[in-house]
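What follows is a group of structures, each given as structure tokens.
Shared between the two complexes below is chain A, which has chain B as its partner in the first and chain C in the second.
Moving on, here comes the complex of A and B:
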């Protein structure tokens, strides 16, 4: 039984994945692409990393899996623990052993991550055989079992189909089946439902949640959609321009947001209820690596920015693991209107 | 003042797929018998999931493709067979905003050329200097700066590129704009900027808008009326507030309940849809939604429902045999409150809104002392 080859639980005293510091550089630029990124996820827990395009949310997880293109980004600082042991980003063979085995990943666009020339059953079986010493028929049996588990009807028949014969939702189910075939302890899902319609998105989110409850795996979900975050997150990390500007339990982030960026992001979300007032926005655009402001990286778009914001913001704590990087948090106690 | 500007009656568009020397091609029924009216000055949203035919419908309304059958009028003129000069004139009055601001702008042209190009076609009499002035005016209108004329598209962010696309669409002085997913490629914070811009332009230039979208929350902020499409047909139509408060078609109800709401701890009444949208090549008999509808009965498999007035609000109709019974038991999808924001958070949101509105803030004199300026190790 392949499923028992990998031990699935970690001692509860330590996080499953503990990213204590992760900084990435880009070429010769002194500005870090990712700057002191820090987060942790426990077994059975879902951490959502939320942010807009270019904020570094995908890059951080690709770096952890050792999937960054060679020679583009340089790791400047990495202090990571996986199941309490040092997780060395500079050791490619160790990363390869983890990748697809106890750490699995699913991507946004299932069509580009599946090989169009092979039947989906073969692709799942291949993933099983890559990390386990099992026969071909055992691997195939495991593949069929996984397809059934992710809710694909007639799995034995679907095994013999090619990716193009499946719909977008079905392909994402195949990707999930492949990712979970080796019973990973940690699943990293990068915008897994962004390319899907809402009714299908709802099915896939339910599936991920059910599988997680069943297996006790930890999940890192990368998304831009605060709605998805509210549905599934236990913990949230809000990322802006390569920095985690606020993080904490989901309830704290949604009910007591502290960072001006989190507040701006939530204000610009169109809502299904309430009055249809004009939407608030976050003025301006995300800075590039060349135009990165000194100090607080959000200061170039922050409506509250003061001269002091050109210096690095302090990390302020709001209880129960809720922190924000802002000179003026909590805003309501620190700021007032100056013109009546 | 509900003066129709654009009408479509029994619009049909089929595409041939497959087929060979020995095999007859099969018909893909992308749009099948759609009738709708767009009134002057309003924003009509057409929503639906991928494959429902909404983009085909938009392209047909724009006359980028011709309908297989059906009638269309623009300001009283029949346009479904228009060609040549009549079509060119139509293009001046009706313009299109594309979804992807990255692939819809020629990377080799400057912004000035991109925006000026439609002027060369639609206002050939304009002198070069007048054209430059007009381009500068258009750029200002969409919130860009006249200095941007000499730059190329790659120098702009996604939101700015969408503004260029809008300026280009406005160049010919259209009466009607059709946007196919105009904000869905943009990040939330930028998306809000473009939604506000389109609303401002509509009011300032007395435009009529047709917006095609898959995101119901977005169209709630953009539209006066909504038409919901499923597999080539309109299944529900009505005033926007009405559709969100009292949806009647089971598909609309399911669609609304599937949208994740960005609020913590909200318990939602979900109407789960099994399976996926069937292929438009061989659509289900009767009501096309019956294969996924949790309320389907024998009659739904046999008989195609027509759009019927719900009697709830003028212009609210649903194409379902049983919407009265279904809706009676349905809970409004957006019901149920979340765990609620703290008072401090409410105050912060208010501060943010006021700061955006241009009111300046300053540190409070009685603010708690900044704890010993110890920068976080993480942000050196």
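Moving on, here comes the complex of A and C:
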């Protein structure tokens, strides 16, 4: 299966998933909930989308899979490529064929994400049969194989257990087994460790990383936990109020953040090695659709905001794919001023 | 599972005892004297004394109760004061009629109510949802007797498609038996369909937004499978529980509909017995329906456990 997957991966010139523009809004409201969201992920690569809760991280990935609740938000702009081909969000049956086959997703709440009425083996086998013309016993064999692969002991016995008989960490392993049962090219993990104990968190992250190395799949990890990002990200996209404000290689984002919001996020992370000081916070709260400032969406909380910030910020580039949406980036000059 | 049922059966015993006391007491406090009714116009004191002795009405009341319970346990629910038939035999004649009627009504209710409930939950806020709700509301507000009379006028009198009344035992001629009972069953079923539809709708609405339904969609399952397997399976618990209780109610309470279509079932038996102050029959019927209700409750509980893996172990 691994060999097959390597053949399937797109040529290195093309990203695996290339979201060029994704905008989403409610009803007649002029303000978009997601506004021109863009990011890309290559095969074998891990992209972390970070941001505060409510910033639209999960919404963007649910939208890509066509999993948003019906009749709530409408997609206003979508220019997406998957393996170099147009990925059409307006075609529900095409989305269904992608879901769980070449793009799989795991969720934040392992406690409630499995159906309490069915045995876990059956739930995994069902995912296999949804996309492959195989017999029930073949699908079950695959399910058992997957359970073993995600590190569940005695998989044959676990197959016949119900979700309530498993711990949270075990359930998340089952979710991962289910997601990876069809060897997806892309895994979207929406805060997969947030609901778990700290020791279990790192086990699950290690597992995802190992499986990724094994299969060469691309991974989008949605998280608000910068510790997780530091541990696994190749690339980072920082999201604020429905906009990707800064993105680039993980090292660049951590060592040389350019957007005031990213700088604020980074200084809110405690350090074991640096000098001890009070943890910084970003003052204020994320604006709602009604209170969204014009132009730069961060301007209402930005310590450097100027009158010009009420106009749409330009995208500034800092090499190696590192970009930030800010009138004043690079901020070096401003930071020196505020230090002095 | 077996121990669960046994436990529930044990709990049911005090309930049944309470009901039997209540039924017995109710009889004693009701106005009217059955013996006077039996003795006829002359009211010959000797006859009255003889009858009182025969039916042991001179015993202390607790003793009368114990005698009654003892006999009931032995399968003797007494003798009808009017027809001199054993009560158990009377009930045995009527019960199959009522059970057939209730079963057919329940089938109507489920076949209409459950799919309508699923559909209106899935299409929440659309024309289909509103239409289903309006129809359900009409189903609840149209009185059974009116619907029954209208159906008789239309299907029996005008179109002459179905017999207006009567009863043919199922064992004698199944097809004819079903034909005769279609209309009363439909009348009873429609009102229940509305109740079932509303409960199915709300149960489906609460599971359709659950995380595991989203997971089922994320697997790439067809919408049909997501709804009918993953969502419906979890919405089933309240639906099955409600159905069992409604069935219990049907056995006790089809009085009006049975009258309109002259179905010789429990409802008719109980009305006749009450009007004739036929105590033994009333007691017997109330006891049997109460036990039936408890059995349906027990079945509902058992279904609840069967449907919830968490409760099974």
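Note that the second predicted complex is superposed on the first by the 318 of 340 C-alpha atoms of A that agree within 3 Å, B and C clash if a C-alpha of one lies under 4 Å from a C-alpha of the other, contacts with A are read in each partner's own complex, and residues count from 1 in each chain.
Heads up, the rule we're going with is that a contact is a pair of C-beta atoms (placed from the backbone, for glycine too) under 8 Å apart; a residue touches a chain by one contact, two chains touch by 3 or more.
Only a predicted model underlies this, so the values are computations on that prediction, with no experimental measurement involved.
Per the definitions stated earlier, placing chain B and chain C onto a shared chain A by superposition produces no clash, and the two fit side by side.
Looking at the superposed arrangement, the partner reaching more residues of chain A, out of chain B and chain C, is B. When both complexes are overlaid on chain A, the residue A:71 reaches chain C alone and has no touch with chain B.
Of the two partner chains placed around the shared chain by superposition, chain B is the only one that A:250 touches, whereas chain C remains out of contact.
In the overlay built on the shared chain, the residue A:264 is in contact with chain B alone; chain C does not reach it. By the touch criterion defined above, A:117 reaches chain C but does not reach chain B.
Using the contact criterion defined above for the overlaid structures, shared-chain residue A:98 touches chain C, although it does not reach chain B.
With chain A as the corner point and C-alpha centres for all three chains, the angle toward chain B and chain C works out to 80 degrees, nearest 10.
Residue contacts after overlaying the shared chain place A:325 against chain B, while chain C stays out of touching range.
Put simply, the nearest alpha carbons of chain B and chain C end up 10 Å apart when the two models share chain A. Shared contact residues on chain A (touching chain B in one structure, chain C in the other): none found. For chain A in complex with chain B, the touching residues are 21, 35-38, 52-53, 167-170, 197-203, 205, 224-231, 243-244, 250-251, 253-258, 260, 263-273, 276, 278-283, 285-286, 303-304, 306, 311-316, 325, 327-328, 330-339.
On chain B, the positions that touch chain A within their shared complex are 49-50, 157-160, 187-193, 195-196, 199, 214-218, 220-221, 240-241, 244, 254-256, 258-266, 270, 272-273, 276-277, 333-334, 338-342, 344-345, 347-349, 351-356, 359-364, 367-368, 370-371, 373-380. Interface of chain C with chain A (complex): residues 125, 209-212, 214-222, 230, 233-234, 307-310, 313. Interface residues of chain A facing chain C in the complex, by the touch rule stated above, are 65, 67, 69, 71, 96-101, 104-105, 107, 109, 112-118, 126-127, 130-131, 162, 164-165, 175, 178-179.
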